[in-house]
Each structure stands twice: as structure tokens, then as C-alpha cells.
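Remarks on the structure that follows.
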Amino acid sequence: MLVVDGLDAGYGDLQVLHNVDLQVDEGEYVAIVGPNGAGKSTVMKSVFGLTTYMGGRIEFQGREISGLRPEDIITHGIGYVPQNDNIFSSLSVRENLEMGAYILDEVPEDAIAEVFNRFPILEERQDQTVGSMSGGQQQMVAMGRALMLDPDLLLLDEPSAGLAPDLVEDMFDRVDAINDDDTAVLIVEQNAKEALRRCDRGYVLVQGENRYEDDGDALLADEQVRRDFLGG
Amino acid sequence: MGDVTDFTWEQWFGVLLLAGVGVLILDLLRRLAVGDLGASTLTTFLWRGLVDGLIVGLAAVGLSMTYSILRFANFSHGDLVTTGAFSGWTAVWVIGGLGAADLGSRLLLNADRSTSARALDVHVYAEPLAIVAGLVIAALVTILVALAIDRLVYRRMRDSGGIPLLIASVGVALVLRYLIVFLYGERTRGVVRSSPSIDHPLLFWTDGVVVHELIMVGSAVVLMVGLHVLLQYTKLGTAMRAMADNRDLALITGIPTERVILATWVIGAGLTGVAGYLIVLEQETLNFNTGWFLLLLIFAAVILGGIGSIYGAITGGLIIGLADNVMLVWISGDLTRVAAFMLMILILIFRPQGLFGGVETA
Amino acid sequence: MTVDDPDTDPDRPATDGSGAAPASPLEGAAAVTESRPRWQVDLGYIVLTTIGIYVLITALGLLTGLGFGGVFRQLQTVTFLAAAYALVVLALNLHWGYTGLFNIGVAGFMAVGAYGMAILTAPTEGTTTPGLGLPMWVGIPVGVALAGLVGLIVVLPALRIRADYFAIVTLAFAEVIRLTINSGALADVDAFGRQLGTGGGRGINFPLLEHAIPRWVLYEGGDPAQGATFVGVQVLTVTNRLGIERTVVESAIYTSVLVGLVAVVFVLSVRTANSPFGRLLKGIREDELATKSLGKNTDLVKIKVFVLGCAIMGLAGIFWQGRNGYVDPDAFLPIITFYIFIALIIGGSGSNTGSVVGALVFAGVLFEGPPYVQRIINQVIDLPRPTTIYDAVVALGSFDPLPLVGYTVGQLANLRFVLFGVILILLMIYRPDGLLGHRDEPASPLDLRAERPTDGPSSVDGGDDDE
Amino acid sequence: MSDVEVSGADGAAESEATHPLRISNLTKTFGGILAVDGASFAVERGSITGLIGPNGAGKSTTFNLITGVHAPDSGHVYFEGEDITGLQPHQVAERGLVRTFQITRELGEMTVLENMLLAFKGQRGEALWRSVLPVARRRVVEEERDLLERVWETLELFEIDHLAHEEAGNLSGGQRKLLELSRALLTDPEMLLLDEPMAGVNPTLEGKLLERIHDLTDEGYTFLIVEHDMDVIMENCEHVIVMHQGSVLAEGTPADIQSNERVIEAYLGGEV
Amino acid sequence: IGEEEDVIEESEDGDDEDEDAEAAGTDPDEREVMLGILQPETGDLGELGTPIADAAELPALQLENEGSPVTVAVQREDTQTESEAGISRAEDLVAAGVPSFTGAAASDVTIPVAESVAIPEQVVMCSPASTSPLITDLDGDYVFRTAPSDALQGQVMAEVAFEERGWESAASFHLNDDYGQALSEVFVDSFEELGGEVTNEVAFEPEQPSYTSGLEDVLSDEPDVLIVIAFPVSGIQIFRDFYGEFSDELPIMVTDGLIEDGLPEDVDNPMDNVMGTAPAADGPEADAFAELYEEEYGSGPGVFNAHAYDASAVQILANLRAGENDGDAISSQMREVANPGGEVVGPSNFAEGVELAADGAEVEYQGASSTVDFDENGDMESVSYDIFEFGDFEIEAVERIEFEA
């Protein structure tokens, strides 16, 4: 479904990604792990057209999307939760969610209800400005917002960072659930063990290049990967 | 240490400020009682303060909006006001003055001094259609100018911070203002006839209501309420606030940011052009500096009220307008402006976010 | 390790040459002078710009038939103006370029300095606005101190507000200062049994600094009657022999003193920037709360820097108006502040060298240029002067472009502001860092890059990110 | 060592000598929201103390109250026996109580080196006159060399030395966390408050960081760490404080906490 | 004056020094008379300044047209109505060897130019349009003017108001600048001296959105007459606000700044209650000048144009009589050629007068704006003012008052 082929990308003159290949199939659950600064977030941003494109190809459902504008990409059915700055902090929770469905003509009340169902605290706080909520609550809002359009592919950049343990679990469960509903997931995680355990396939990205690619459990079992990237 | 009596120094400062205002009001009453101050004088000051305040407030609303959504202090705002005024009144003269004077002097609003508002008989009763057309054209031209500027300048700087944009807008201000001079010359002119007024037994409190003033005040109120509704209760309004908050995220979320920016300019500049046009309707005279001289007052109003808040902008405008006029009771006319600015600075000290800051109503 | 360490060199051009794609001529020069010490490079920029502008003015001056005498005066005027601008631009750079204090009330602080000095030194009688009649060496320092003091009063309340509010508050303060000076209320007051005051819109006459300072250099006690000082004798003998008029000599000395002051302020600014103190300033500019959380008393630093900058602005105001012997409030309209900003932005905010270069370019080319062009055109052809653009455009209908050209030339003084605006816009779009801004100027007394090479092929090491 | 469920009011049990930081009855409301509600606890010298709790429990706010970013509505903060309630952030930091931010605050247009150099306390060159005047400046330069030496050591330790000349704004999320932590260390603090220092940091590096933190506690530093990674908390902290809805729900050793019913219910969920 | 100075002077003019005092005139064929014109041809006063500069150039053109043997090299410079540029341009003039010039127009340009160029460089300047009382105090040897000081206008206004019209109380509403403050002060002093009562003095800032409150303030004590000192840029608004809110029966007196033909049209009111004063161009040869001007430029002269012609003419005469292009020498001849004594010269016989002066004869210039007699301060000894009445959208001069300082 998503095919990244020999992607070169970066910021301005600075090239970060070198010939990155990556694939997410229909309904698949794929994780990217790797050290800090490897370019994981950059891959995601590149898919969404937010970096300087330098070469290679990005295809989604058979159509080339490299060079499209973010607001067009979202209509193709990709949702994205960035690593930082992923909420509208001066808007209320509800407005954040509504914005997630901006491209629809009507506010999808059922989608909002579903998000509230998933994160009850959000319903309670639906009129609070998100900027005044705690880090974890903000992360929930960000997730909720990306789910509003019921995307075919969801890009999650470190969704568990800053979440309380029960919520981490919950989040991973939630992602599983989303994935079970036929939404493909591409996730970047520092909580690599958990991510690899749950995913179908994983990539290890190092210094802007693919280093390993295998199914999740295989990577987990790999001695080298364990030692270098999973903290023993 | 007690907790309730433990005022922070800002709070003390606020109390002091309020106390100061209180003392002034008491003194005002005393003067009225003693007869130092005529009641009619005071009402003139108050009424004028209100009208001036609305003028500033009306011009401030557009600025407040673009300020909060596009995230920069637009120093060319005053000159957009002027643009609206010149274009709108040019339209009125061209349409309304058909046959009364030659095209050259009507197009340039009498730059060659060969005719006058009197010769063309420009006022709302004589030329109602032209006046309405002028209003529309003021809005349209200002919108076009603002969009052109956005395309040429601001669009290329979308990723720059607020300060580079502010500086660029100073450049835009200079260009606009002196292009207007290039076209129209530096002369001040009266472009409207003195306003007709309505006298009716029901209007017992006044000798007559000045129609142009009434139109200005009425339109100001309608426009501001309308804008508030638009921004608070529509999806576009929310999208604007979302953009103001986090443009990158807005992009990712699928909000068509360029279209929202376009809408922002259309609404903001349209309002600004109309403001310039109406201000001149009330004020009756026009000069290339008209907007620029208002700009600092407009900023004062916006900041006093808190950026992004429409009611804030109006309140700020009223405070500035009233201070600028009523202060005449105590200080000489060449210092009232000083008092108005000092008041702004003092209020900012104890409420750095502005009176309505934080609660972005729009 | 040393500057010449071969390891570091290959990396350097990549980082230094970054920024907007087309490197400016100045930037090009940087590449050539790469291995020189920074101060030589900086001086090089300034000298090159100066020479360039001098050549331009000389060429234009001769073209317009100014003659050599006229060219000389023009050069002197430009030098003076550029130096005056440089002084205040350096101060602004300290505020904005380094600390991120967006002060757009510069004109106000210049006004305080100039007025402070004027009131102190204006004669006690015989003029409409009498002053205290004190000598200039009292007037100047007190004027400077007053500007600093007013800076203190402004910055205290402004400390807590955000950058753009700060800008508007400073602008409002500058207007408050100008309007207060202008108002009749303080025009003349009785203080200490003396007639004093700002003179309101009338302004104040005071002894010309352009005379007083050079005389102080040339003569004992600043009084020609007392005979020449040692320096004076030398200077006067040489200039007499060359047949240069005394007033010319005096102007030249005045300008030189100002240039000297600029040099001193420049050196101090550079040292400030390349020091731990400068690092603090940068830290405040980037994120004040983070800097505070590292235990830095940012408020105090901001106060110090603001007051210092305002004092320098006051000094600039004094020297600027000292050449007129007359101040009035109109000399401090807000537009002056924007001129200064344009100069700073041309040069590049955050760079002291850029500040000086910007001042030179602004004063020498932008400000003085258009009148020259107007003169040349007027001398070359006799253009019709239609009163309105309408007449000019109508003439265009009959294929006569001359009226439009004539109208445009007649409007050049106004169009100059359009030019300022356009330049400001173009700079902000294409070179927001100016000619020399955003250079790799380390906030440290050491050349950080040179101190230790990056070892090995580091994964991501690249150019600065340039918006 | 200390009893579970200490309330700061009778914190007299903990002397200043053993507990450098003590807060008592801190309260803070934002608008209508009670973010911190009478929180009281003390942190033992030379320990790594964990501060955990559900999202929105008030942990970051407590940090903000301690370090002077916000002023508490009521209650007190004591550090080394001194009442530091309501002091400015820099005054708190000067006393040796330094924090990092959950959402990093790097100085974007300064290089990593400059960021780090800024951290040192009491630099001679921070006085303007010393930076500017000829003779004094020589000493400043000398001092700078020493500082730079220490910066490089720290950068190597945190494995970000290859980024030394990079502008901090260009770092990745994790790199920023590292920068912030290492910068905080350079201030020579008595005690560090770390707000989720490991979020987004690669596990391998995380291990090294924790080692480093242990070394530092041996040298006498005290740490208070907010962290959601229970493994980190359980394996490294001697003492854990659990916050819930603005107040302290429980305190004790990791083992105590792990078995505390209320904590499990409120925070840990079924797992761990 | 010793040896040293001589060297210096030589470098500037290349002329040999001459003992000043009574000059010997020149052979007109031998040299060119140099004259500078320093006027605001752009900027705030641009519209006003260009015709003034034209008028200042007229004497030279006239000589050329009439085939006089005397040639005057005119150098015209633009102050842009800014003191900074004014100083620069004045220095250009000096550098070009110009010994005297007609300029500047705005007082706040004239004063700095005088202080930092004319006086120190010892060149003569004669302003045709600067009316600030401050100029009186500047060195009368180098700074002259053919324009009357505002100090006089204030007195005239007071006399007209109190004595002629019998208004016993007055209020003053004046622009907060040099011009407004000075005029208002003189008026108030004179009016009170005459026995009148000044109920209120209110200063205002230019170009405000409204002046209603200011007017309310100044009129609060119901004076017999209101004095308005302003320029049209604010004046239009002031009068619009006045007619909008106040009784149009109240007499108003304005100054020269508001005597502008289009004003009532811009105000949209006949302004029947308004009168004003302005310096008159009342020289014996005003008509001759107007004719000359019309002939050369195709339109009638405007404000201060006559003064500009006179300023230039006197300088040319003084230059010829001095016999050299030297500021000091011209300075000592200015009063000689202007003040009573000698053959009367004016615009109509300027070409002849020039030759007389060149021969060193006594001449007395009587010009277009006045008889042009300088007092010791370089001001006019006597000037005349026109009293204007507004009415029915027209402005009409009704009376002329001769005024001795």
C-alpha cells in the first residue's frame, strides 16, 4: 500500500535520509526503531511532504504522492500524529477533534463519540483548552485527532512517549485494535521491545539508512539488534 | 504568612490603577458639582470619546484578527485603512460625481483642486447609491491589495517568525503609503459634504443625530458582532484559530492553510477597508497619513484588549478614545495622547496578556 | 588545536557558505579571506564597503557637476551620517540582534540624549529657550546618562511582556517622549529660579558641538583666544599650508571624533558578543525560561543591556543633533527608528560588522542616492511637470511618455520611501539575515570551531538551517 | 527508610541534613482546575527518587512550583532548609536545584557547544566589564578553555559530541533530551529535577544514562525523576512518590509501591 | 583678520582678499555673480517651495532675458524640507563657492542651516519664507529675511481683534509646533496688553481624527473670538468639526497658514464667520513683479514668491556692489543696497539697478514684497499685513495694515 523506494530527503541543504526503502502492506502493522537522530521522524515527515524531497519515490495505493501537499495527502487516507507539537494548544479538546475532520463537510459526531469512548477523560474535559492539559492527555488528543478520518494508514511518531504505563498498554492495545479494523499502521517507537513484539514487521533505521528489516519477533531475537538498539 | 491578603505586586498595581481611575472619576463629579466643568462639555468629551473609540476599535478588529491568525503585528494595517478610504471615496466620486466635474479630478479626489465635495454634492441622502457602492469598492480594493501583498510578500515568508514579518510589513506600509502619495498627492481634502442630521422630538437628549456618525457607529457594531459570530461558531473560524495555533499541524490535519490564510485576508482586509471608508464618512476629511496616524492607537487598542479578541479590540479602542478625550478635563490637549499611551502601558504592566487576553473570543 | 588544522578546513566552506543560495559579493570575499583572523575579515568588509560608497559618490558627484569641493563635502556628510547611524545601529544590534529585545523606540532614546544635552548646554539667556549654560563636557555625559535612565524606566515594566508587545510599548514610549517634549506644558518652566524647558515645538538652540568639540581638540580650554594646543598647532599648520578652511577642519575633526567613538563602541560590542556575557544575551534571545532555569538572572541582564544600548542611542542622538546646533521634536519621529532598522537589517542583525556595513550602505546609498539621481536627471533633460498623475497618464495616450517621467522624477523624494519599503521587503524575503547576519560568530571568546576538530565522519554535520 | 504516606505537615521527622528538598501542602489552580492539591513530600539526599502518577496528576506542575516557573497558591517549598517558595527560576537554580523540561527547551539558534557553555554557574565572563576590558578578559578566556574541556567530556559521555557545532534547533527529539540533561548537569547542581528525561531516548543510551545517574548519586547528587517507564523507576529508584489528582497518593520503596492497591488501581493498571 | 585667514580664503574663491567696508563695485564683464537657491522642492513644503524657488530665480532670468551684461550663475538646491538634507545642500553651495543664497523656507530648516553652515562659513543667507521669531536672534550679519517675523503677525491680530473689532475676550487654538506656539504666545501677550482677556489657550496635535473635544475645551469659557492657528492639513478637520458641533456665529480669526483659496470648499462651509491675517506682498512694485512672474512661468505668483524675488534681487545687488563672490563682503553691502539712500531700484528697473550697483553707486532697493529695509537683526523694518474676510466660499482681502516693528 505504502511503498517508499530509494528515498533521499532532508532539511534544506542537509540530507538526512539516504536511499531508504520501506513498505507497508494493506492492514499491516510496521514499526521503525533506531537510535536518536536516525531519521525515523524524518521518514514520516517525508511521507507527509514536510521535508525537502531529494530523490526516490513514495507511492500510496499505487499512486505517487511524493511532492503532494499535506492537505492532499490526507485525503488519500493517511493520518499522522507527529512526535512534537501535535495538538492545537489554544483550542478546546472538542475543537481539536473537529479539526481532525476538517475536510469533511459535516462534523462526524459518531467519530467524536468513538474517540471519547476510547479516552473518557477527553469527554470530561472536552471544553478545556488542550494546552493546559498534561502531556499524556495531550497525547490522547493528538491520537484522537488523527483517528477522526478513519484513515487507511496511520503514522504514529512515538505515541507512547510520556504516557503512563496503563496508558502505554492501552495505547498499544488501541493501536492493535485500530490495526485489526484494517487500518495499516506505521509506528516509530523508542519503546522498541513492545513495538516489535506487537508489529508484523520492523525496520531498524541507522544514520538515515535501512540497517535491518525483518518480522518483529525475528528482530527481537536478533542478538546484534538487541545489543545495539534495544538496550540488551 | 496569610494567603488572602498576600497580593502579588501586579495585583497591588492593578488596585492602584483602579484607585487612580476612581479618584479621577470622583474629581470629575466634584468638578461637575462645583461648576468647574460644564455638563455639556463633559457630554461632548464622552460622546466624542465613544465615537473616536469606535473608530479606533473598528479599525482594530481587522488588525486583531490578522495578528492572531497570521501571527504578526502588521504595521501596514494603517495604510490598508488608508487604501480602503481612498479607493472607496474615489469610487463615490467617480460614480456620484458623474458630469459634475471632469474625470481627472474625480479619479484623484480633487488632487488638482478644480472641484469639491460640495460641487459633487456627496452625502448620504444625495448619493445613497454611490455611498453604498463606495463601501463595497473600498472592501474589494482593500482585499485585492491585501491579497496581492500576501502573494508577493508574506506568502514567501510563511515560515519566518513574527518579527521578520513585522519588519516586512513596515516595508509594505512605506510602499503603500507613498504609492498613494504618488497617485493622489499629499494634500488633505474634504471628500464628503457635512453630514445631514435628523431632528425628531423623540430624540430628546440631543439637538440632532448626525447621520454619517450614526451610520459609522451602527455599521461598526454590526460588523463586529457579525465577525464574532463568524469566527466563534463556524468551522472556518475554528480553522483560523487552529492555524493561529500551530500551522504545521494544521497542514498535517488537512486544513487547507493557504485557503484559510486567503479567507483571513479577505475578511480582515475587507473589514479594514470598510473601516477606513466609514471613518472618512464620519471624519469627512482624508489624507495619505489618515491610517498611519491611527496605527499606534489601533495597536494600543488591540494590545489593551488582548490579541485575537474582538470584544477586546473594541474595549481597547473605547478606553483609548475615552482617555484621549476625557483627559482634557485635567491636562492640556497636547498631552492627552501621552495619557492614552501611558494608560496602555500601565494596564499592560498588570495584565501583560491584555484585558481579554487568554480568552480568545475570536 | 590551531586554526590551520587541516582536519577542520574541509568542513568549513560548507558551514560558512550556507544561507541563501546566491552568496553575496561580501560573502564571496569571506571565502577568500577564510584563514585570516576574524577581526581582519571584519575590518575588510567595512573598508571595502566604505571604499565602494566613496567611489560611487565621487563618480556621481563629478557627473552632477558638484566639483571636487562638493564631492569632498558630500563624502564628509555621508561619513558623518554613516557614523551616526553606525553608532545607533550598533546599539540596536545589542538590543535586538543579540538579546532579542525588539526595541522600536530608538528615536525616543536619541531624543532624550539630545534634549538632555541641549537643555544643559543651551545659553542661559539671549535665546527663546534658555538652558543651563553648562559646558558640553557636562552636557554630553549627562545626556547619555539620562537616555540610559529613561531606558531603565522603560525596560522595567516592559520586562514581563512578550516580544511584539515589547515592540509596541517601546514605540509608544518613544511617542510619549516626543509628544511630551513637544507639548507646551514643558516648553518653559521655572526650575531652580531658572528659565528652563524643552521649547515645545520650537526646539532649543545650543552651542554647536560641531564647533565646540573640534575647538576643544584644537585650542587650550576650547577657546581660540587661548591659543592652540599641541595637537591644534600640528593640525592647523598642516591644514593652513594645504589651504583648507578652518570650518572644514573643524567638521572633519568632529566627524573623526564620531568615527572614533563608533570604533570604540564597535570593539566593545564585538568583545561583548564573543564572551560569556554575549552567550547569556543569545540565550535570552532564544528561550528566556530555559536560560533562567540554568540559574541566570535574565532580568538583570536584560536591564543592563537595555540601559547600555539606550545610553549609546542617547550618545548617537547627541552627536547627530550636535551638528545642527538645534533640536526640535520633529527630528525624532518614529520613521527615524525605521531608518535605523533598515540599516541594521541590510547589514544583518546579530552581526556588529553587519551593523556598521548596513549603516554605511543606508546612509551612503539609499538615503543620499535618490536626490543625486534627481539632480542628474534634472540637469540632463528639461522635463515637463504635470501637476497630477492623471495629466501625465493622459499624455501617455498621445504617446508622450515625458510628462509621466517628469511627474515621476518630481516625486522622487516620495518614491524614495517606496524604495526603502521595497528594499526592506526584499531583504526580509531573500536575505533575512542581511549581508552579514547569521554568520558563524561564536558566543565565546574562543573560536569554538578551531578549538577542537570534529573527529571522524560524523553522521550529520551540515550547514546552518536558514529558514 | 521512610514511612509510607508521609504528609509534609509532620515532615519534621526528616531533617534538612537527610532531605534537601521538602514541599509542604503545595496547591495550585489554573482557572477552575486544581492541578496540585496539597502535595507534600520530601526527597532524600543522595537518592534517586521517582515521581510517578497518571497523566495530569500534577507532576510537571509540581516541578514548576518548585522551580519558580509558577507561584503556588499556597504551601511552601524548602530547599536545604531555606524557604524558596515563590523565588524566581534563576534564584532556585542558583541554589543548586536545577530542572529539565518535559517538552525540551533548547536554545535553537545556538550551537550545542554554546548551549552547554551557557550552563556553567558563576562564569567570570558573565560580568560585562570582565568580558570587555583588556586584562580581565584574558582571565575570561582562560576560564573558557577549562569550561570547554568539561563540555567536551560531557558531550562524549552523552554521545552527542558529533553534534557539537550543530544548531540545537536541528536536533532530533531524543538528541534534544540528551542536550537538555547534559546541560543541566553542567550547572553543578546539588539536586536535579528531571521531567521524563528518558522519553524518546534510545534504550541503549538510556541504560548508559542511568548508569551515569547512579554514578552521580554516589558523588552526592540528588535526583527527582518523573518517568512513566516503570522499569526505569522500579529498577533505579530507592524511593518512589506517587501523585494522583494533585496530591500524594503513596510513598515508599518500589516494592511497596508495586504492591500498593491504590497505586495499582490509580496508575499501574493490571500490569507490571 | 590676519595672515592665516588669507591663505584660507584664497583656497575657497581663488579671489584676492579685499578690505571690506565700502566696496568699489565690479566690471560686470569680468566675473559671474554667484547666487544659491535653497528651497524645499520636495517633501512637506514641496508644493509651496517650488514656486518660491522659481521666483527666487526670476531676477537672474530677467537679467538674461533683458540682455544685461551681468550674468548670474544660479545654483538651485532642494532641502527636501529636512534639516539634514538642508545642511548638506547648503554645504554643497558653499563648496561650489556660492557666497550667498536665498533660503531656506521652513524655519526648522533655516535655523540649522544658519547655525551650522551660513554663520560658521560666513556666507549670507536670506530667507523669503521663514517667519519664526527665533530667526531674529540669529547673527544678523549673515542671516537675513524678507519674510516678516510671526512676532509681528501676533501683534497685528491682537490689534485688529481688540481695537478694530472690539472683541474683548479671545481663546487660542493652535498647532503644537514652532509656528503655532510662537504666534499664539505673541497674540496672547499683545491681546492682554491691550486690555483683552484670553480665556483659554489650547494646543493640538496635527492630523487627528477629530478636534471636537479640543474645540469644546477651548470654547468652554465662551470667548468673543476664537483664534485658530493651523495649516490646512489639520485646519480642514478643525473647521469641519467646528461647524458640525458649534455655533457658526462665533467669530474666528485665522493666520496666514489657513489663508488658502480652496479651504471653504474643503470644509464645505461658506465660513462666513471667519477672518484672517497674512503678510502682504505690498511692495511698491508688487504689480511689476507679478507681471514678470506671469510672463516667465505662465501663472500668477503665490505665497512668499514676491519675498523670494526680493531676497535674490538684494543679494545680486549686494554682490555686485561688493565686487566679489565673498560672503563677508556681501554681508556688509546688504543693508547698503536695501535700506534708504540712493537710486531707487525695483523689479521694473532691475537691469539698470544692477549696473548701477556694479559701478559702486548708492542704490535703494524697493521691491515686490515691501520696501525691503533690513534692521540690525536682518529682519524687515516694516511689513504690511492683509486682513482677509472669508464669506460665501471666497476669501477676500479687505484691508492692508502697515506695521512698523
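As written, the chain order gives the labels A, B, C, D and E, with residue 1 at the start of each chain.
Everything that follows uses one rule, which is that a contact is a pair of C-beta atoms (placed from the backbone, for glycine too) under 8 Å apart; a residue touches a chain by one contact, two chains touch by 3 or more.
Being a predicted model, the structure only gives us computed values, none of them experimental.
Visitor: In the chain contact graph, what is the shortest path length, in steps, from chain A to chain D?
Guide: The fewest touching-chain steps linking chain A to chain D number 1.
Visitor: Pick out whichever of the two, C-D or B-E, is joined by more C-beta pairs in contact.
Guide: C-D is joined by more C-beta pairs in contact.
Visitor: Compute per-chain Cα centres, compare each with the mean of all protein Cα atoms, and return the closest chain.
Guide: C
Visitor: In angstrom, rounded to a whole number, how far apart do the mean CA points of chain D and chain E lie?
Guide: Once rounded, the distance between the two centres reads 75 Å.
Visitor: When the C-alpha atoms of chain C and chain D are each averaged to a single point, how far apart are the two points in Å?
Guide: Chain C and chain D have C-alpha centres separated by 45 Å.
Visitor: Chain B to chain D: how many Å between their CA centres?
Guide: 48
Visitor: Can you give the whole-Å distance between the Cα centres of chain C and chain E?
Guide: Taking the mean C-alpha position of each chain, the two centres sit 35 Å apart.
Visitor: Residues of chain A touching 2+ other chains?
Guide: In chain A, residues 11, 14, 37 touch at least two other chains, as defined above.
Visitor: Chain B: which residues touch two or more other chains?
Guide: 186, 332, 334, 337 - these are the residues of chain B that touch more than one other chain.
Visitor: Touching at least two other chains at once: which residues of chain E meet that condition?
Guide: 46, 176, 203, 205
Visitor: Can you list the residues on chain B that touch chain A in the complex?
Guide: Against chain A, chain B makes touches at 235, 238-239, 241-242, 244-246, 248-257, 360.
Visitor: Quick one: which bits of chain B touch chain E in the complex? Just the residue numbers, please.
Guide: 38, 41, 44-45, 48-49, 51-52, 55, 113, 116-119, 186-190, 192-195, 210, 279, 283-285, 287, 289-290, 293-294, 324-325, 328, 332-334, 337
Visitor: Help me check something: in the complex, which residues belonging to chain A touch chain D?
Guide: Answer in residue numbers: 11, 14, 34-38, 41, 83-84, 121, 128, 132-137, 139-140, 158, 161-170, 190-193, 227-232.
Visitor: Using the touch rule from the top, collect the residues of chain C that touch chain B in their complex.
Guide: Contact set of chain C toward chain B: 102, 157, 160-165, 167-169, 171-173, 175-176, 179-180, 182-185, 334, 338, 341, 345, 387-391, 394, 408, 411, 414-415, 417-418, 420-425, 428-429, 432, 467.
Visitor: Any idea which chain C residues touch chain E in the complex?
Guide: 66-67, 69-70, 72-74, 77, 81, 126-128, 179, 182-184, 187, 200-203, 205, 208, 210-211, 240, 243-247, 250, 323-326, 328, 330-331, 368, 371, 374, 410-414
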